[in-house]
Amino acid sequence: MSQTAQQTAPVTRARYLASDNTSGLCPEAMDYLARANVADDLAYGNDAWTTAASDGFRDLFETDCEVFFVFNGTAANSLALASLCQSYHSVICHELAHIETDECGGPEFFSNGSKLLTVAGDNGRITPEGIEATVTKRGDIHYPRPKVVSLTQATEVGTVYDLADLRAIREVADRHDLRVHMDGARFANACASLEVSPAELTWRAGVDVLCFSGTKNGLGFGEAVIFFDKRLALDFEYRCKQAGQLASKMRYLSAPWLGLLETGAWLTNARHANAMAQRLSDGLTDIDHVTPMFDTQANSVFLQMPADLQAGLRDVGWTFYTFIGEGGVRFVCSWNTTPELIDELIANLKQAATRLGY
Amino acid sequence: MSQTAQQTAPVTRARYLASDNTSGLCPEAMDYLARANVADDLAYGNDAWTTAASDGFRDLFETDCEVFFVFNGTAANSLALASLCQSYHSVICHELAHIETDECGGPEFFSNGSKLLTVAGDNGRITPEGIEATVTKRGDIHYPRPKVVSLTQATEVGTVYDLADLRAIREVADRHDLRVHMDGARFANACASLEVSPAELTWRAGVDVLCFSGTKNGLGFGEAVIFFDKRLALDFEYRCKQAGQLASKMRYLSAPWLGLLETGAWLTNARHANAMAQRLSDGLTDIDHVTPMFDTQANSVFLQMPADLQAGLRDVGWTFYTFIGEGGVRFVCSWNTTPELIDELIANLKQAATRLGY
Amino acid sequence: MSQTAQQTAPVTRARYLASDNTSGLCPEAMDYLARANVADDLAYGNDAWTTAASDGFRDLFETDCEVFFVFNGTAANSLALASLCQSYHSVICHELAHIETDECGGPEFFSNGSKLLTVAGDNGRITPEGIEATVTKRGDIHYPRPKVVSLTQATEVGTVYDLADLRAIREVADRHDLRVHMDGARFANACASLEVSPAELTWRAGVDVLCFSGTKNGLGFGEAVIFFDKRLALDFEYRCKQAGQLASKMRYLSAPWLGLLETGAWLTNARHANAMAQRLSDGLTDIDHVTPMFDTQANSVFLQMPADLQAGLRDVGWTFYTFIGEGGVRFVCSWNTTPELIDELIANLKQAATRLGY
Amino acid sequence: MSQTAQQTAPVTRARYLASDNTSGLCPEAMDYLARANVADDLAYGNDAWTTAASDGFRDLFETDCEVFFVFNGTAANSLALASLCQSYHSVICHELAHIETDECGGPEFFSNGSKLLTVAGDNGRITPEGIEATVTKRGDIHYPRPKVVSLTQATEVGTVYDLADLRAIREVADRHDLRVHMDGARFANACASLEVSPAELTWRAGVDVLCFSGTKNGLGFGEAVIFFDKRLALDFEYRCKQAGQLASKMRYLSAPWLGLLETGAWLTNARHANAMAQRLSDGLTDIDHVTPMFDTQANSVFLQMPADLQAGLRDVGWTFYTFIGEGGVRFVCSWNTTPELIDELIANLKQAATRLGY
C-alpha cells in the first residue's frame, strides 16, 4: 500500500495497523523454516520441500494446477499478467487495484508496456458491465487490445467478490476471450469470509491464474503463482528466472508455505484476522463522526473520521494509512492482532472523540 | 486517432476530413524529395540534406538545438519521453492526450514501463494546478515519481496553449524538477494560430523537447525531435538506432523537411489549414442542433450533432471521427483542403439538417 | 553496416560502394510514389495502394501470406523476432549476423531481452550442426530456451543459402520446435543469384517469416514483413503500432513496393546489382595482393588487400567498409551502379597497386 | 550455475558440492532472523534491522555508501547494471561471466536491451587489454556504446582479482568513461583469500557498485547492492520497487545480514569455505588423470577428470557441475562443508581411480 502511513518510531507495544505486512512469521511458518534448515538440500526448487508444498496446493485446490513460488506480490502479479498478454495488449482492472495504484509501474515493466485500463465500481469491485464497456469501447489498433481481467480478492477496500460475482465476470470474459487473473493478496481472508473452498473461489468460478499471498498470511516472503489453466504456464519457470524471481534456496520460500498448508494455518490465520477486523468494526458503531466506508468483509476496516481524531490516534502511537479519499482511514488486522490491541484502539478512539467533543 | 472513423470506399472527389494524415505530400516536400533523388548520397544522416535541414531548424528556432529525424509520431513522442525519464518515473499528461489514448501503449513500451498519470483540464489543456496536484499527491516509492510534463500543442481538441499558459506550466515544472515535453503533432498550426515565433512558443516558454510533426504538415513521413536542452539529447542517436528509427536513406526524411523550411510552407500550410477550419466553423453558426464543442483555434473543428445528421453526412461520402463523447464529431483540415470542399460540407450539412427537420 | 566506412565529402561523381543504401529510389519506385500522391487517401493502410501491394506479395510468393510494411530493417527483423519468441527465449544466429553485430541491441530491445546465441559457420552461413549444438548444449532454465533460427539471405558476406541448405536447417528446426526467420536484407539478390522463385526460397523451404528489404532494392524506405505461417502474425499490427512502425500515410511505403512488384524491378534491380558485383570480382583476378575473401554470389565483393592499397582508393574518393577482419574490404553494388563505375574502381585499384609496387 | 548438475535423490549424508547454494542458513543468520521475528515492525525497510544492517555495511566498507537489499543475485546484478547504463549501451564482461552464461537474459530484460560484450581472458579474469580492445573496436551508432565493465570477484573459475588487477581495470575504465560493477557472488571468499579489507577490494580499487551475495555466504536469501558512488544510486529504491525487489517485510532480508556482519560470520564463513576448497585441492595432487584446471584461490575447485571417474563419483551420491569444457568438473565448498566430507570425497575419488586403473 501507499502514501501516508504515518510511521512513528517503534513503541514497546506495537500499535501497527497500517498493513498486515508489519506482522512477522507465524509459528507454523517459522517451525517449517527451521526444519528446512536442518540439512542441505538441492537448489532451484529441486528440493523435497518445494515438491511437497506444490503438491499441498494441488490438494488444497483439488486440481492438478501448476505452482510457482516467487518472492513478493509485485512480482507475482506482474509476472502472471505478463504471461497472459503481450506488450500491446491491455489488462482491465479496478481503478483502486493495487497493480494500478501501488506498484510503481511494475506490471508495465514486466510486460514491457501492457497498459492497465481502469474501471470504476462500487465497493472496490469491478463489474461485468465495466468490463464489457471497456472491451467494446474501441476496436482499433491504436487502443491496446484487452486480453486480461484482473480482480483483487479480497478487494483493496476490504470487501469480497462472491461466487455469483465471479461467475458473472467469467461469463463476460468468455464472451470477449479474456483471461481472468486474481490478485490474491488477501485470498485466504476471502475464503474465510465466504466460507467457501479455494477451489470454489478460483477455477470452479473461472479464475485462470491466482497469485496467492503468503506474506500477508503469516510468512516472511513468498507468493504462490497458481495456474489452473496449465497451458498458460508454459515456460513460466524461465520467465521467473529471467526476472530475478527464482530463489536458489527455494526451500525457504516453500517450506513455510508447507507449514501453512499442512497445519491449516493459512485458514486459521485468515479467520483470526477477519475476526479482529469485525471486532473493530463492531466496536465503533456508536462513535459520532466515525463512519464505516465499506462493509467489513475481510481483515480491513475503512473509516471516515475527522482529521483531528486521526491526529489523536497518531499521538498515542497508532500507525495506519489514509489513502482512500478525504478523511478515510484504513486499519488492517493480521494473524497476530490481539483482541486487546483492538480494544485498546477502540478505547483510544473513544477517548479522543470525547476529548474533541464529538 | 482512433475508434470510429467511418471509412467508406474512396469517392471520386475525396471527402476525407477524418484527419490531416489523409493528405499527401505538398508540392514543396515532393520537389525536395525529387531533388534528393538526383544523386547517391551517404547513409544514416551523413548526407548534405540532413545537415541542411538540421541547420534549418536551428535557424527557425533561433538557437543551437539538437535535431533528430524519426519516422512517425508514436516514435517521436515515445523516444523523447523515454529520454526524459527512467522506467520507474512517470509522465503527467492530459487525459485526452494522444500518448495516453491512441498509441497502444507505445510510450510504456519505449520507456519499459513509465506510467502516464493523466489529469483532467478544460479545453484539452493541462493546468498548473492539475500538475501540482499530481506531483504532490504522493511521495512514496510505490508511486512512480513524476519527472515529465507532456502537453500537446495544438491540443487534441483543436485549442492552443498561449504563452502565459506555457510559462505557468514551466513555473510549476521548475518547482518540482519536471521536464517539459511538447507533442507538436500540430505545432505549426499553433504557431499560425497564435502568430508567435517557434522560439517563443517553445524554449523561450520553457519547453525542453519538441516533437515537431511533418506528416501532418505536408510530408509523407518524418517527425523532428528537437532538444532545446542539449544535455537531454545525450546519446539520443543510439536510442533512435536501437529502436528502429534510424533511416539509412535519411535524406528522404530530411530533404522534404528542408523543403518546408526553406519555402516557408511549414507555416503557409498551417495557416491554410487553420483558415479552412475557421471557414467551416463560421459556416455552421446558424444550423440548429449543430453546436461547437471547443473554440476553433487550430485546424480542427469539433461539433456536437445528432446521430442521424452524422449518418446523413456519411451517406454522401464524408469521413470523420466521433471519439469525443456522445454525439461529438471531429473534422480536420489540411494543407490541401479546399474552400470548395468546406463549402460543400456546410451545404451537405444544411441539406441534411433541413431534410431531417432540424 | 558498421564501423569504419571512410566517408569523405561528396564528389561530383559519387564513388560510393560502402553499401547499397547510398543509392536513391529507382525510377519505378519514384513513379508509383508520385502516383500515390495524386489524391488523398485513407490512413493507416486502409488505402488501395497498400491492399494492392499486399496482394502483389501474395502473388509473388504464390501463397496467402500475411504482409506488413514497416519503416526499416532494424524494426522489421526485431519485430519479427519478438513475435516468434518471448523475452526468456533465445534466437540462434550466425556470429556475423547483422542482428547481432549492427543493430545496437535492437532485437533485445524489441523483445525485452531475448538473447542472441551466435554460432560460427563458414562463408557466413549457419549450419544445421551449429544449430543442433546450440540447442542441445543445455536444457536448464538458466539458459534462455532457443526458439528461433535466424538466417540472412544473402548472407552478410555476400554468399547465399541454396535450397538444400535451407531444407537442412528446416529439418533441424523441426526436430527442436524452432521457428525459422529470414533476414532478407538482400533477399532479391539471393533469388536472382539462385534463379529460384521467392516461394521456393522461403515457405517451400521452411521459412516461417521473411523480412524483405525494399530499401536495399531501390526504395527510399520500407521493409515488408511476410508471415507464411499466418498464426504467427496474430495481432502483429498492434505490435507494429505500439513500436512506432505503423505509418499513418502508409501508401508512401506500399506504393513504391507496388512499383517494384508490378514492373518486376525487384528482380531486375537485384540482377543488375549482382552482375556489377560479378564484374568487379572478375576484373580483379590478376592483381597481386588483392584476394577474394568469399565467393561473389550476390551483390557484395569482399577483398583482402594491404592497408596502403586501401588508402590509395580512399585518396581518390572511394568509400567502402572494412569490418571483416584485418585487411578486409567490402564493396556493395546496387540497382544503379554503373559498369563504368566498376571499371573505374578496377582501374584505380590497378593503378594504385602498380604505384605501390604490388 | 547451469547445465548438468547431476542431482540425485537426497541421501542421508548430503554429498552436495554442486554449489554453495545447497547449504542452509548459518547459525548467526538464523539467530538474527529469529530475533527479528519477536515483534512486529514497520514495512518496506523502515524497520530498525534494515537501518542497522545498512550502517553495518557502511562500517564494514569504511565509507558512506548507499545500501539496498534485494532477493537474489540475478536481480542484484541486473538492477545494478540497469542503473549504470541505458538500453542502447553495453556492458563488457568475461565470456564466462555468470551474467552472460546463467541468467537466462536477465540483464537484458532488466535493462530493456543492453547488450553484453564478452571478452576472453585467462583464469576467468577480464583484462585491461580486453576491455580496451572492446571499447575501441568501433565507435559507430550501430554498436551499443560500452558504458560498464562488470567483473566477478571471486571469478567463475575460483580465482581472484588482486588489487593490482583491479586498479589496472579502473585505469582503463577511467580512460573510456566506464563504470565498474563487481558481481560479488563470492566477494567474501575473495576478501578471505586476499586478506584485504572490503574497502581495499572495492571503492579504493575503483569499484562503483558491488553486489554482495549473502545467499552464498550463509543466508537463505538476500543480496546487498552497494553503491560507492552515491550519485549512481539516485532513485534506485524506485527501480527495486518496480522490478519486484522491494521486500515488504524487509527485516527478514536485513536482519540475517546484520547477523553476518555483527558476528563476523561473513568472513569466518568465507575463510572456512576457502579452507575446505584448499583441503580438497591439496588432497588430489597425487591422483593420476585428475588435474587442476585453475588455481584454487577461493571456495571452488575445478578439475579435469575422465568421464568414468566422474560417473564413479555420481554412483556414490556426489553432486557437482560439469560446465567448463570437456571433462571439467566443479566442486564448491560452503560455510558448512566439513573436513570429513572433503576427505570422503578424496577417498571416493582415489577408490574410483584405483578401481578404474588410473
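For clarity, chains are labelled A, B, C and D in written order, and residue numbers in each chain start from 1.
Everything below uses one rule, namely that a contact is a pair of C-beta atoms (placed from the backbone, for glycine too) under 8 Å apart; a residue touches a chain by one contact, two chains touch by 3 or more.
Since the model is a prediction, treat every value here as computed from it, not as a measurement.
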| item | value |
| --- | --- |
| Distance-maximising chain from chain D - centres being C-alpha averages | B |
| Pair exhibiting more inter-chain C-beta contacts, A-B or B-C | B-C |
| Centroid distance [mean C-alpha coordinates] between chain C and chain A, Å | 51 |
| Inter-centroid spacing, chain C versus chain B (mean Cα positions, whole Å) | 34 |
| Distance between the centres, which are taken as Cα means, of chain B and chain A, whole angstrom | 42 |
| Junction residues of chain C, two or more chains touched | 87-88, 103-106, 109-110, 112-113, 141-142, 144, 238, 241-242, 246 |
| Of all residues in chain C, those that touch chain B in their complex | 7, 10, 14, 16, 18-19, 21-25, 30, 33-34, 36-43, 46, 48, 70-75, 78-79, 103-106, 109-110, 112, 215, 220-221, 238, 241-249, 252, 319, 336 |
| Chain D residues within the chain C interface of the complex | 1-4, 87-88, 90, 101-106, 108-110, 112-115, 137-138, 140-144 |
| Contacting residues of chain C [partner chain A, same complex] | 44, 86-89, 112-113, 141-142, 144-145, 235, 237-239, 241-242, 246 |
